[in-house]
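Before I ask anything, here is the structure I am working with.
Labels run A, B, C and D following the written order; every chain starts at residue 1.
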Amino acid sequence: MSETQVIGKTPQKAEEHPMAKILRMDRIPHIWCSTCGIGTALTSFATALEKVNIPLDHICVVSGIGCSGRIAGYVKLDSFHSTHGRALPFATGLKLGNPKLKVVVISGDGDIAGIGGNHLIHSARRNMDLVVLCINNFVYAMTGGQTAATTPLTAITSTSPYGNYERPFNLPHLAASCGAVYVARWTCLHVRRLAKSIEEAINKKGFSFIEIIAPCSTIYARRNRLGDGLDLMKFYHDNAIIKHGADTRELDIGYQDKIIVGKFVDIERPTFLDSLNAWNKKVLGEKFREYGGPND
Amino acid sequence: MTEIRISGFGGQGVIRMGYIIGKAASIYDNKFATLTQSFGPEARGSSCSAQVVVSEDQVLYPYITIPNILVAMSQEGYSRFESNLSEDGMLLIDEDLVKPNPPRGRIKIYSIPSARISEELGNKIIANIVMFGFFTVITGLITEEAARKAVANSVPQRLMDLNLKAFERGYKYGKEFLAKQEKSVNV
Amino acid sequence: MKFWRKPLDADKIQIPHGELHIVWERCKGCSFCVEYCPREVLELSIEFNSKGYHPPVVKKPDDCVKCGLCEMLCPEFAIWVTEKEVDKVES
Amino acid sequence: MKANPKNVLTGAHYLDGDHACSEGALAAGCNFVAGYPITPSTEVVERMTERFPTIGGIFIQMEDELASMAAVVGAAWSGAKAMTVTSGPGFSLMMENIGLAAMMEAPCVIINVQRGGPSTGLPTLPGQADMMQVRWGSHGDYEIIALSPNSPQECFEFTIKAFNLSEKYRVPTFVMSDECVGHMTEKVIIPPADQIELEPRRYTTLSPAEYLPFKPEKDLVPQIIKAGDGYKIHITGLTHDEKGYPVMNWQTQEKLVRRLVDKIRLNQDKIVEFEEENTGDAEVILLSYGISSRVAIPAIQKARKEGIKVGVLRLIVVWPFPEKRIYQLAKKIKAFVVPEMNYGQIVLEVERSAKGQAEVYLVPHGGGWVHDPEDIYKAIKEAVR
């Protein structure tokens, strides 16, 4: 480590960040803007990984494209940075190719709910054993802040300069109604609860979906004159209401309105692979040969 | 080289009959046989057809051009394809379902109540196998042994007896048909 | 640490002391750590780092109880805290 | 490496081309298929769904072709032998992630049972008009390998070849079948497993500390690992260095993309495969591939009977293109005749390779049926006049 470390104002000998075993420190500093929330979400993910019961060798991260999509490049795990919107089908292939893997999809709202929306609903319907961390900053940030499927009504974006008039998705409701077995929403301020949720989701079998509301200061906050990322964090502090088990139909996010957060769904349902194996065993009996992975 | 077209309506096992002819010729008689079939809405609705080319040498052009044999199991299949049958071809029909015009050229007509026989056997779906038994005798294109093996190895185990029975009925009907014809020629 | 009235289990209470580590050049000056430190241990430096941001500095090192919130909120992996020593409660 | 007997349906079978592709894939060890139904390719996956549960393998019907191709790349990276199957419109939808497979150097096989286009075109009738799309359809520069069968027997054999080439060169490899071959039923002889040679995946022997996922070996192909092996790799569709990390500059682009192209171009003598017949004293050479190469034979026979010296160059591997051989032959003959079921695709490559040394005649056909051999015969006569 060549960087100077400071304690107080007195430079001290370098030590590494406790997350170094999970992060690719050779790639830090990352590309995200000052006061962007993605890094905070990543820290929560890393914190959760310290506690899960799965060996790190078996945990993979798949991202799509965009700001959040870059997360795959910063985790020291088998990590894949795929194409726009296709993180979920890529992850589906990765998981089914080797069912021993635990695959976590971390990507943005544009990627998962916009261009990849079809994959989201079908992955949830199948109860594919994946964890999805959808970092929602309400815009297509990397391309300069265009309207997304999550942009709140009236918010200004580069392609809705007079305000957005398209109804946004209520993502937890979408995921839950399609069959996700674990659904939660937190903001980047709720780091501990978020880490706990991620830990639960990783330890759970089936399709888990966590929406993470993240500040985008450079694009979203600036264009809407909401201050910087810190102002958005303060907004979350004052306006996020924790309501576990809330009816997912009531989780719409209005512009600068209350944000309901919490764990909304935590149920059991057979996964795609469980169903495939159980059904074939039932129908084919002795003749069925379960696929166990690439070394089969 | 022999070109065969089997026509009928969906659900009669037209394609399956083409498959069994091709399998008998290529797998059990060691000839070459290429099956092509009409796909699309036509396979699901009214009429459908299967085409088989049987040859001593490799079949190069996969489609039939002027068929030597037409098997018609429906009036529509007959009307649609009869004009394309070779002038000295063989026309095999289900006599209850197809009312043919007087034959053109030297075309010979061979008829069997295949649907009725299959109903007697208790299952309409084996009309094609009855027809196949008849076909085996009438055309002499494939050996009896190959034909039986092809039937046995192309149907589900639980339906094998029924199918073989259907084949025998068609085969027997064919033998009798030829004997009758010979008699009428001799008289 | 002093209490007005000594808790019954005072001998079991251990309050950890944190030691903060800040990577000066990695910081992008978001000030999340400063804002949300529950004991107001940190403040923004008046100095710039080479990227032009004001990283945090430790204002009250003795007050850090190693809650780790700064570490978790930092989007840059630029601050973390390790355990320094543990205080016993005194009456 | 020999095929696993549990996967191989040894014996003589009466199969259509699509089912023969399935048996080829199984014999090659394919254990993952993601697909979306589309005529006339669906029979391939239907047979896989029937066969997989008893031999160990997973089929998943994805929500669309974009998902299918993305899942194939994911599965390849977790160690599966992965394949997808499609036709016309579905092939177009796969293009972006075919580029991802090329960039991530994921060994995988894509079967395209071509139908008439553009757009929905002729779902139940043949075409050969995706021959340029398979080569150039995704954005950016890359190379692929494509084979074209003309019978169910070749559907079986070429699917195995495709898997082997995709493993050897870590490149998406295509079986460019068509509706005619796919829906044609003929005898297919499947040999015993010990007569089927398979190319093993090029797993690294290096430790995680030494291993670089995109450091090439001598033949320009890097060694691979699979997710979960503890190597903790990062793989991206962005331009990347040997470590796999994205680097956005022209030097990295030059190094990476040139290697992706060169690993096929510089190995092309080992990849290219064709059948050549009577080219020694030929005046005219009939050059074709897939079903067109088959319906051309009666035309060639007829021309030869009339004393026309016709040679044959039939492409088994269409991409990479055998440009060197075509140039050599061009110098000795009058003309090439190229029948294909499109209005001029591979013929452009023949012209390019002949470098003006011989005339090149296209015998076009818009698809929906195969060529009338008579039209090919006429073109041969025209070419020697």
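Basically, contacts are C-beta pairs under 8 Å (C-beta built on N, C-alpha and C of every residue); 3 or more make two chains touch, one makes a residue touch a chain.
Values in this document were obtained by computation on a predicted structure and should not be read as measured data.
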Joint neighbours of chain C and chain B, given as chain labels: none
Distance from chain D to chain C - Cα centre to Cα centre, in angstrom: 61
Between chain A and chain D, centroid-to-centroid distance (C-alpha), Å: 37
Chain centre separation in whole Å, for chain C relative to chain A (CA means): 28
Residue list for chain C, restricted to those that touch at least two other chains: none
Chain contact topology (line, ring, star, complete or other): line
Set of all touching chain pairs, with the criterion as stated earlier: A-C, A-D, B-D
Contacting residues of chain B [partner chain D, same complex]: 19, 22-23, 26-27, 32-37, 39-40, 59-63
Residues on chain C engaged by chain A in the complex (per definition of touch): 19-26, 28-32, 35-36, 45, 53, 55, 57-58, 61, 69, 71-77, 80, 82
Chain D - residues contacting chain B, complex: 12-14, 16, 39-40, 123-124, 180, 183-187, 291, 294-295, 297-298, 369-370, 373
Sites on chain D touched by chain A in the complex: 31-32, 34, 52-58, 60, 62-64, 66-68, 70-80, 82, 96-97, 100, 104, 226-238, 245-246
Chain A - residues contacting chain C, complex: 3-9, 12, 15, 17-19, 23, 25, 28-30, 32-40, 42-44, 47, 188-189, 191-192, 195, 228-230, 233-234
